[in-house]
Amino acid sequence: MGLREYISDISEAVVTIAKGMRITWKYGVDPKEETTIFYPEERMVMPERTRGFLFNDVARCIVCNMCVKQCPIDCITLESIKGADKKNVLTSYKIDMGRCMHCGLCVEICPPKSLVHTDGYEGSSHTREELIVEFVEDDLATIKARIAAHAAELAKAAKAAEAAGKAPAAPANPAGGEKK
Amino acid sequence: MSQGPAKRKPIKSNIFDVVPAPAEIPQNVLQKNFERVRACKGGEGIIEVGIADLFINWCRKNSLWYLYYATACCGIELMQGGASKYDFDRFGAVFRATPRQADMLMTAGTITHKMAERVQRIYAQMPEPKYVIAIGACTITGGPFYKDSYSVVKGVDLILPKVDVYVPGCPPRPEAWIEGIRNLQNLIMKTKNYGLKKA
Amino acid sequence: MEPVAATVYPNYDSVGRAILEAFPIIDFLPVWLVALVIMVVVAACAIVFILVFEGVGSLVLRKLAGDIQSRVGPNRVGPYGCIQFLADGVKLILKEDLKPAACDRVLFRLAPYLAFVGSCAGLVVIPFAVGMIAADLDIGIYYVMAVSSLVSIGILLGGWASNNKWSLVGAMRGAAQIVSFEIPVAMSIIPVILVAGSLSTQEIVRSQGGLFGIFNWNLFHNPFLFFSFFVYLTAAQAETCQTPFDLPECESELVQGFMTEYSGIRFGYFFLGEFGELFVVCALATAGYLGGWHIPFLDAGNLGWFWGNLLSLGVFLTKTFTLVLVSMWLRWTLPRTRVDQLMRMCWKYLVPLTFFNLLGVSLWLLIFDGKGIPAMIAALFG
Amino acid sequence: MTEPISKEALRTDEWTINMGPHHPSTHGVLRLELTTDGEIVSKARPSLGYLHRGLEKIGERVAWAQFMPFTDRLDYLAGMNCNCAYAWAVEKLAGIEIPERAEWIRVLVCELNRISSHLVAWGSFCADMGAFTPLLYGIREREWVNDLFEMVCGQRLTYNYARIGGVSHDLPPGFLEKTKEFCDYFEPLIDEYNRLITYNKILVHRLKNIGVISARDAIEWGLSGPNLRGSGFAYDIRRAEPYSVYPKLDFNVVVGHADRGTLGDCFDRYLVRIDEMRESVKIVRQVIDRIPDGPVMAKVPRVFKPPAGECYFRAESPRGETGFYLISDGGTNAYRLKIRTGSYMAMNIFEKISKGVMISDIVALIGSFDIILPETDR
């Protein structure tokens, strides 16, 4: 190793280190370069398409079972019973948020667009069971009673129609898990 | 093409607006569910802790060193959470490379059966008190690999003695991690260590 | 050789003497009791100081990392996160005391104390202020070099006793590195000793007085000393195992090196020891090259003992902390060298350079009769 | 006088060190069994399978379209590239023509994702080398890309954006302007990175002449992507076997050119990634200028059944060739799905080139290959 090489080695090391330190100095002294979002105090405005936790508006759900079929990992389970007007009525609509991978396939395929992604993302829990979200708020007995009432109403309407001798317009279905 | 030394613009790594958080964060669908489930269970009792415990818990909660443990996708969010934009360091959470110095194991990423034994060993190597946060769908229930995969552990709580907090998402946003860490901090504040026994 | 600026220092050149004057009753107590009390008090002061420094230092390290990395760092605990170190410290003390099943129990427990003591013992001869030094030893520099070797013993023992291969590799690297870099560190402090004509740290600082307390620093004494300062800083960075020379504990290669198996407060001791050593080498650089406690444009000797000590303490700490900050700044900028490159740097670059410096300084002192450039300029202008 | 020490007396024992699966610099769960003599490694045997999740098996069990979200998890740093590669493969199998705009959008997101993937590769490589700050700078810039992706598809990491027959959403309003802004912001930063660390003497000395792979070796061992181009062989699938709209775009194939040491060493592979980011920015700018209007989704039946047959499609992902080999029996799901990935090939040659290096260089080697373990283990 010649002396020239020896000295250029040292000077190159010093120069390159100084260059790097200049950049870190610049970031270090300029408070404007901070990019941190102070999360619990500040929140980002989520874009429109954010795929946060799923939400099903059970009032609009038509129990077509498409989401259950489309989900590659079976994280949606639903149960339904026959309603008064031959339509299915949801008795239970569960999504396992601990299993959902937020792929959005179910939302894309939902015909009435009742299943949507919210922009919520905070949902830490202390047990695994809490993450299985039930969207139907009423219990089975209430729903059954509602269906029976609806059926009775339908029968009454049909009888009235028979009596009137013309076909009446069916009343709106109140048993679709409407919110109280 | 911009050639030559272009002038650098100031750093701005988020393209969305950042607004002050509302006084009450709107309850999302999950939080409503928690309330319902807890109401069914009868709720958690209020734990009274003494002043010494409060101090100890305060120290522990503000110094949650996490193990730099990443297996899969969530590991990238772990890095991004620890980096400039979200900065876990604000909460006193810095990463340690060795389990001996870690307080918190964040299982970021899929755990396979082959890896399960290693996770158990890492957990055993951590000194008490230690906390586990199950991050992401894979470690909560097996997630995307729940149904068809033959080699994935269906939930890290099956192989570890306890999991303190579950953070759902695939992967959860770093904000959700922070919320999970804060949830754990709340949990720590309620622990009774040496305790003033109630008469 | 007479010091260049022969400032006459009054009688109170140590705090102990000042206290003796204030409380004459001490004269009537048995000598061993007084000595014991003084020793305990001084040791307690040193320990409290070093603990506070290490706590604040670790916080500053994290805050500085935050600044450089476009983030904020700890900000939850107290205003700006200023008591973060308290939380960390208490937590570390309360952690479970884990020992690996197959470790060497005695050595495993001993190692952290050695590392901690080795770094703290250097504090004894640090000239904090005009009259503030624990013991103004005649062999001050020599003493620091000797006790700081305890750290390498601690590292070696810790790595060996852990019964972990990564720890052992780290320990071997650490021992080799620290032993090697002792030589350039010592060799680059010898020019200072030549100029001052004494091994005592307080004497070295005193020799840099005069000329407004800034132009008579050894740093500006002559070109060789100026160069020697940077060689010293580089070698000291390596001796304290800071990045880019943090080979014994490099996180990305040897999990945590010799500390891999240490948890809780035992890890804390190593951590504190590392910071303590950082302080000691930076304080030595301040004392040796940057004029120590000399207050710029003011003569510490002419102030009262309270103000003189206080101001000079402040000046000394400011200079030292600046060097510590530079060391941290380097730490957050540079990548890490490889172990063979580290050794090559030591033996092929630093050691020859220090010898060259030594020769240069000796010749300078011989030719110019011990006068530095600023002194000569001052003499030129009367 | 003492006798000269014989060579036999100086013989030292080798020991075996286990590196991983949990180790800070193995990029996940790679496990290496190192046989070393002191610090000199005589043998490093990768042990894989700690993240084997059965992705290929899953591909045979779920429907064609349902496998799309799993491709995100294949290479989580470059989900878009895997998404699009799978979509292109299935379209090739079924003979679907996709709209022009969809092709351009796919190229745009692929190149953006290449930038963000290389940023993490660069950052974590520097972190392996001991410089922690570049990792955070890299991730800081990656956040911008993540935000762009969140704008376009709603997720930060697991995008699931491509669909068989197009893409799921059109670009949102304002996306192209934001992307342009990102390019203007990002391009000068590459020079800053170079000043910060690339030509740093310490880093150069750590990387040069380490892990030299000759072009011939690289081809024989099946390397692809930046690892192959680092050896000086200009093979880029975007040029060699053009797909999508890449033939219409103007970009250079970056090859290693022995900048500091021997051709094909770690430093060359490192530089190839840095320069590829520039090329990707160039492509992104061209796409922004030339993207046509139109639909983004072709008409694909809801129950998608490609005709029986087989096909292999390869695309250039940040880690080299990502190839999907599909066999269809005319059903709703694949009869066989095989994935070829770049990281796995890099693991093959690892044992060969890691002879005689030091433990520190093992870390440099892992970093320079930029491996992603789910891609290796699948």
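Think of it as A, B, C and D in the order they're written, each chain with its own count starting at 1.
What we mean here is this: contacts are C-beta pairs under 8 Å (C-beta built on N, C-alpha and C of every residue); 3 or more make two chains touch, one makes a residue touch a chain.
Here the structure is a predicted model, which is why all the values come from computation and not from measurement.
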* Asked: Which chain, with its centre taken as the mean C-alpha position, is closest to the global C-alpha centre?
  -> B
* Indicate the whole-number Å distance between the mean C-alpha point of chain A and the mean C-alpha point of chain B. => 21
* What whole-number Å value describes the gap between the mean CA coordinates of chain C and chain D? -> 46
* Asked: So how far apart, in whole Å, are chain B and chain C when each is placed at the average of its C-alpha atoms?
  -> 39
* Distance between chain centroids, defined by C-alpha means - chain A, chain D (Å) -> 31
* Would you give the residues of chain C that are in contact with at least 2 other chains, written as numbers and ranges? => 65, 68-72, 251-252, 255, 332-334
* Among the residues of chain D, which ones contact at least 2 other chains? -> 24, 62, 69-70, 133, 136-137, 140, 143, 151, 158, 192, 196-197, 200, 202
* Asked: What are the residue numbers in chain A that touch two or more other chains?
  -> 9, 17, 20, 23-24, 33-36, 47, 72, 101-102
* Arrangement of touching chains [line / ring / star / complete / other] -> complete
* Can you check the complex and tell me which residues of chain B touch chain A? => 10-14, 16-22, 25-26, 28-31, 33-34, 36-38, 84-87, 90, 133, 137, 140-148, 155, 157, 163-170, 172-176, 178-180, 182-183, 187
* Structure fact -> chain B contacts chain C in the complex at 11, 55-56, 58-60, 62-63, 83-85, 87, 89-92, 94, 96-98, 100-101, 103, 125, 127-129
* Give every residue of chain C touching chain B within the complex, in rising order. => 62, 65-66, 69-77, 81, 84, 86-88, 90-92, 94-98, 251-252, 255-256, 259-264, 267
* Asked: Quick one: in the complex, what on chain D touches chain B?
  -> 21-22, 24, 28-29, 49-54, 57-58, 61-62, 69-70, 72-73, 76-77, 120, 124, 135-137, 139-144, 146-148, 151, 156-158, 178, 184-185, 187-189, 191-192, 282, 285, 373-374
* **In the complex, chain A residues that touch chain C** => 6, 9-10, 17, 20-21, 23-25, 27-29, 31, 33-36
